[in-house]
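A single structure is presented below for examination.
Each chain carries a letter (A, B, C and D) given by its place in the written order, and its residues are counted from 1.
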Amino acid sequence: MSWTAWLSQILAIVLALALAPLLMGWINQCRAWLQGRRAPGIGQPYRLLHKLFHKESVIAEAASPFFRAAPYVVFGCMALACGIVPTLSTELPLSPAADAIALVGLFAVARVFISLAAMDSGTAFGSLGARREMFIGFLAEPALLAVFFTASLISQSTALTSIVENLAHKEFAIYPSLAFAGIAFCCVSFAENARVPVDNPATHLELTMIHEALILEYSGRHLALIEWAAALKLFAYSCLGIALFCPWGIAEAEDPLALLVALPALFGKMAAGGAVLALIETLSAKMRIFRVPEFLATAFLLAVIGMLVHFLLGV
Amino acid sequence: MPPGNGGSGVNSGWLPLDWIMLAVAAWGGLGALGILAWRRFFIVSRILFPLGALVGLVLAVLAASALGGGVETAVLAVGLPHLPMHLRLDSLAAFFLIVLGAVGAGVSLFAAGYFRRGEGTPPGLMCAQYHNFLASMAGVLLADDAYAFMVAWECMAMASFFLVTANHKSPEIRQAGFLYLLIAHLGAIAILLCFGVLQAQTGDYTFANLRAQSLPSFWATVAFLLALLGFGAKAGVLPLHVWLPEAHPAAPSPVSALMSGLMLKTALYGLLRVGFDLLHQPQGWWGVLMIALGLATALFGVVFAAVQVDMKRLLAYSSIENIGLAVAGMGLALLFRAHAMPGLAALALTATLYHVASHACFKSLLFVGTGSVLHATGERNLGRLGGLLRKMPWVGWLVLVGVFASAGLPPLSGFVAEWLLLQSFLFTPGLADAFLNMIVPIAAVAIALVAALAGYTMVKFYGVIFLGQPREETLRTAHDAGWWERAGMLWLAAGCVALGLLPTVFIRLIDPVTQQLVGAGLADQAGLYGWWLLTPVTIERASYSPPLFLFGIAAACLLVFWLVRGRYHGHLRRSPPWDCGFAWQTTRMVDTAEGFGQPIRQIFEPFFRVERTLPSPFDIKPVYRSEVSDRFWYALYLPVMRAVEFVARQVGRLQQGRIAIYLLYSFLTLLFMLLMVRR
Amino acid sequence: MNALFVLYASPLLGTLVLALFGHRPVGRNINVGFSLISFAAAAVLTVQIVEHGPLHAFDRQFFIDPLNVFLVALTALVGLTTALFSRPYMRVEEDHGRMTPGRMRLYHSLYQLFVFTMLLALTTNNLGILWVAMEAATLATVLLVSIYRTPASLEAAWKYFILCGVGIAQALFGTILLYLAASRVLGAGIDALLWTQLDQVKTALNPGIMSLAFVFLLLGYGTKVGLVPVHNWLPDAHAEGPTPISAVLSGLLLNVALYAVLRCKVLTDGALQSRFAGDLLVGFGLLSVVTAAFFLFRQKDVKRMFAYSSIEHMGLMTFAFGLGGPVANFAGLLHMTVHSLVKSAIFFAVGHAAQKAGTQIMDDIRGLLRSNPVVGWGLMAGTLAILGMPPFGVFASEFLILTTAMQQLPWATPLLLLALGVAFAAVFSRVHPMVFGNTELKRLPHPPAIVPVFVHLALGLMLGFYIPSYLTAWYEQAAKLIGG
Amino acid sequence: MDFDGLIPQLLNLFASAMLILAFAMLSQRRILRLIHLFTLQGLSVVGATLVVAWVTGQHHLYFSAALTLLLKAILIPWLLHKLIDRLNVRWDIETLLNIPTMMLVGIVLVIIAFNLAGPISQLSGSIARGTLGIALACVLLSFMMMITRAKAIPQVIGFLAMENALFFAATAATYGMPMVVELGIALDVLVGILILGVFMFQIREQFDSLDIRHLEKLKED
């Protein structure tokens, strides 16, 4: 491994850590614009995190050490995820540690930890949130895997870097299978990141809340870590989407200059993606929780159809 | 004294097989000592069981040393006159022996602390049956002729039956035991028939001969299907699974651990032995059938596990799921083998065997964990547990390892197996048949679904038992497990971690098995880039490095922890939970197991046969009850039972009491035979 | 020679002595004593045979060859153990008032007579005497079956008498036909009924007569074997008689009857040079196994159930001998041995259990493991053994039978396995609640005889693992004798 | 005297008598007559035995004839008479099948028996060519009689008639079994009769009747 590889690796992680709240802020900004509200400022997530870190942490009496450990683990998982997903370069030393399947496993670890932690608080909302989170997870996870399978069948590899290299290298072609997979991926991303059609991060209604129910008992630094981790997750998903469906511009091989190109490309793509996300969130209404399985099952089926299409059309 | 003579040409000195036989005999001997010790509790639990664990460990080491070291055979002086018992130690057997010995050691260690004074069955008897169970499992793995195999197989069934029915005062447990033994026996009959077909009219039942026969494809198929039926019945493959969720929970927990962790594996061993070793000309559709059956079983098992309210039943269904995955993997290997793709077959087989070892570890761990919980609380119903992590930290944290492994989360053992399995399923584009090419990756998606549901189930399992607040007052007096139990669980948990972190090392152990069965191995490629990086095919194609993975997470965690605590402060305050400001919350308001399973019950409604009693609004003491039962029972088993009953009633009419009619039978028989003579 | 003499004299003398003293308490011990002498004689005889080979005695009227030597030993052994078992058993029956001193005298005396007839039937070389002994065995046991004088036992005994009487009459007709065929070769006279003589000239016997004779002999002796559809006496007699008698009926009489069929089969095969006899046996055997398995399914009375199990196993042996050939015959002989041992052990255990519960209805017998663990384990082990669970010998023989069937009659194997499966479900579902669970039953005033149960089971267990070489040698020679 | 022609005829005469008596017994409604017919059948067996003994010069057959006479024609009928006196069962016999039907079936049985015995009789070089067929027919007819009778005593008589037929077969077709065997058989029959008698009393004691329909309790339900 060359120094550029390590550089790009460290850069990727640092970038993710630093930019993830920014992405959140950007999306909120866009959403506020679209909804005709005044935006809280693009740096609001940073201020929030800073405030939370300063606050005292209050935890439930029933909670065990598990409860306190979970935010760190979740954060660690998300940080690693950001390190694995090729954001700037495909030459990542950490990348062999986990391929696409292991990445899904990584997300699953985070999910399981946060769910268990929610149950650990011993409250009705905590267990409700855990149930809903796991419930969404078990539908979203295979769908996400199916999306990866489609991509890996095309590129004959499950390693993310190889997939990206492969997809980016081929001359431009329309992959109908990837189109299906892309839609499925979007659906999954909404569900996984607690975005609007599935969940609304802005409310605490017991009938609808999922992610907020999970973290209801967290406060102070723990909450800060979880919020940051959520931002990282969104960032990672965005990067994944970019890497899979729009991989052009990501640096390959040992070329420091390419990184310079990759960085603005990433910024641009992220900004566009965030805007689109905000648009979708604004346009769609939050669905009832009973409808979520149908939504995710559709995503799952789309991903599977994507695979079938790949076989049928041979591309 | 080595009871046999080494068959590989060396007459001086003891061969691994001899030592292994000695170890197995030692297990049997411990059982016999148990009978002698009968009610002497101390001797049984503090001496015999630990010794059993030691023997298990020795067995594992011996088997590991024999792995890949060529085939050894022995002929015992017992058995039928023309068919003395043949034993054989090859890589396949050695691998399963390693699993048996290692996991058996952990469970025995746990059992040393588990069995308590004054629990119905005399401890000595328990010990005898326990060690007989272990020894007969080893016998199954070593057997090299149909008779020895059947003897060991049925002894295994019988010993486990007695262990299951240890608490025979409860009619449900008796019934469960009966159902178990019945299905095991029917399965054994199918296996016997399978051997009968395999011998191809030669009359020689040694495996060497069975191996030498080449059957016409029809009969090979018959043999394969019979093996699938027989071993499937033992493993809990789909229509024959009904005994499993009854029997496993009924047994004392270490026994459940052995049954789920090891006995089911002997069934898989049997399938491997017949499907890969004794039968040579596999047909592609066998593999497809196995994949389909395996996936159906896995999905069925996990969906049922998700809605269980009894912790051991939940684990039992989860075992069905895992067996289903293993069968699917085996089917894929068979498919590749049928298409003459040894490399891929080796990959699928490695995944299967890895899954076998991993499931043996984590399922045993989970079962013994439930045993500790059961002992501490006397409760199996998830709805009455909760918050035990603080009362039983050892059990809680160790079970967490098992839960993670079972949920297929990296970097523990379950994930490696799943990862390998998914890799092998994604590789089919090399198959000659376009349709198969398309179907098999779809199966990978099904596996992903199963894995995700397993995660759901395990969160439910762990969260409801160990987290939150105790749902009953009695739980406040729960105590942690004793040192023996902790040691046993620690050993098994260490197994899960080691299997999870060092796949390249363990694949090296599996390598000789795949070399033996499909003529290709994974070890060289898998560890090409060092022990820490698993690359089953090529590094471009896929890679996974659990140590790096763990290191990544751990480093991130520690760094963040250090930064947060260093930069900010560590103030922490305990208070009643916030819960959106609702102040009157009690533990009864928290999701029970039933509530947790509700979404699954709704989505997979057609899978279940649900009986609900809903209270009317005017009930003073409203009772809500909902029972989930298995459709197979009603659609398959009851009709068969009724049919047998019907035939029995008709046959019973023959014996209707009148002597004249009896004489008439005799008379007609005579006339019939006389007419036959005339002809 | 002397041992042989003692073998006959002991039970015969026992009959007489016990006819005089059988009602006294000492009669029990006298009974055991004579059985012990018989057993000792049989043991000595066995040793002699091991050392010197087959034996002819009393002007060739009696002989011991590999086919009957182990049956003689088995008969004497089961005779002894049953006598041991009946000591406490009959005492309890007396306490319950079911047995009076007079009946005890009858019981003891006829018991010895029955053993005598069995030994006679086994060792005689004369097919006529064989018939006489078989008939005498019926006569000796029929009064034993009805010894309680209850309506049910009378009915059972009556059916036993009539059905077996008619059956045995047919066997007599068969014997006459056999003599007719033989006298054309060997000339009239006693030689024409000596099996050893007939065996030498069997190829010269007229096939037409022999086939007719075999039909009658098979149906006749087959009635006593308990082959479906002429089995109807068997469950009644087993269920209603005293348990020791059920044990010896299942353990000895059925075997001896099958032995008689085998002797006749050898001659028929020789004369016909076809598979006629074998096919008949296969047919009867298969029918018996399958039918009995379904019969088992609806039983309520424990002894009746195990009686049907005997039918099933006799059917299996018949099937095996019908298949013929060294392996199947070997398996049949092995099965005969272990079935006798295990089934009588089961009856011993069942006897104690039923006595303790005061009923033979299985639903009313519960929790043997708690009230009497040894009997409970005995019954459990015996049941598993008889159902063909390894490592008991029944499994070994069933394995051999099934595997041979796969080779020779593949279509019959699924049927057999179906029957075995059904039988397993039927029997085990009834027995396990009897053994397991809770109970309020009290201990019996006289401790049950446990030794016989476990001696039998231990022997049965041993035969599953290890068959002594001389036994193997006998079985093999006998198998060769029976031929295919 | 011309024995060559006469002797077989004499034997055939006894044989025909056996067959006719068997039919007569099948159709008989009175128990007392049944016993008489049985006695007659016994006497025909004795006659046949004597003829065979005379022809073949086997002396033990005379002994056998005497034994048969004693047992079948004197002792057993006497016992049966005694039995029905003591048990007071003189009334009519109920049959389970009506008599014409039984006769028809009986004729079919005879045809079958002759058909079966035919080839064997051809082989048999003895003076009694047809006797084996007749003996077989008698066995089958007695069997049938047992099946169709509802009371204990007629059933027993049917059983004894079967034994008569067997004795007849033994003497007429094979010139008698060896002496030891004959003795043994006779002993068995005698003991059997005694036991039967004992049984009859026991049954009567228990059920107040000899109707075997009382003996139909043991069955599968």
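In this section, a contact is a pair of C-beta atoms (placed from the backbone, for glycine too) under 8 Å apart; a residue touches a chain by one contact, two chains touch by 3 or more.
All values reported here derive from a predicted model rather than from experimental measurement.
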- When the contacting C-beta pairs are counted for C-D and for B-D, which pair yields the higher total? C-D
- Separation of the C-alpha centres, chain C versus chain D, in whole Å, is 31
- Message: Need the CA-centroid distance for the pair chain B / chain D, whole Å please.
- Response: 70
- CA centre of chain B versus CA centre of chain C: separation in Å? 43
- Task: Find the geometric centre of each of chain A and chain D from their Cα atoms only, then give the gap between the two centres in Å, rounded to an integer.
- Result: 101
- Message: Two-or-more-chain contact residues of chain C, please, as numbers and ranges.
- Response: 158-159, 162, 166, 170, 212, 235, 295, 298
- Residues of chain B that touch two or more other chains: which are they? 652, 654-655, 659, 663, 666, 670, 674, 677
- Task: Throw together a list of every chain pair that touches.
- Result: A-B, B-C, B-D, C-D
- Residues of chain C defined as touching chain B within the complex: 158-159, 162-163, 166-167, 170, 211-212, 215-216, 218-219, 223, 228-230, 232-233, 235, 280, 291, 294-295, 297-298, 327, 330, 369, 384, 387, 389-391, 395-396, 399-400, 402-404, 406-407, 413-414, 417, 420-422, 424-426, 428-429, 432-433, 436-438, 464-467, 472, 475-476
- Item | In the complex with chain D, residue positions of chain C that touch it | 126, 128-129, 131-132, 135-136, 139, 142-143, 146, 149-152, 154-159, 161-162, 165-166, 169-170, 172-173, 175-177, 179-180, 183-184, 188-190, 192-193, 206, 208-209, 212, 235-236, 239-240, 295, 298
- Message: Taking the touch rule as given, give the residues of chain D at its contact with chain B in the complex, in rising order.
- Response: 96, 112, 115-116, 140, 143-144, 146-150, 155, 212-213, 215-221
- Given the complex, residues on chain B that touch chain D span 652-660, 663-664, 666-667, 670-671, 674-675, 677-678
- Message: List the residues on chain B that touch chain C in their complex, please.
- Response: 77-82, 146-147, 150-151, 154-155, 157-158, 165, 168-169, 171, 174, 177-178, 181-182, 185-186, 189, 192-193, 195-197, 199, 201, 203, 205, 644-645, 647-649, 651-652, 654-655, 659, 662-663, 665-666, 668-670, 673-674, 676-677
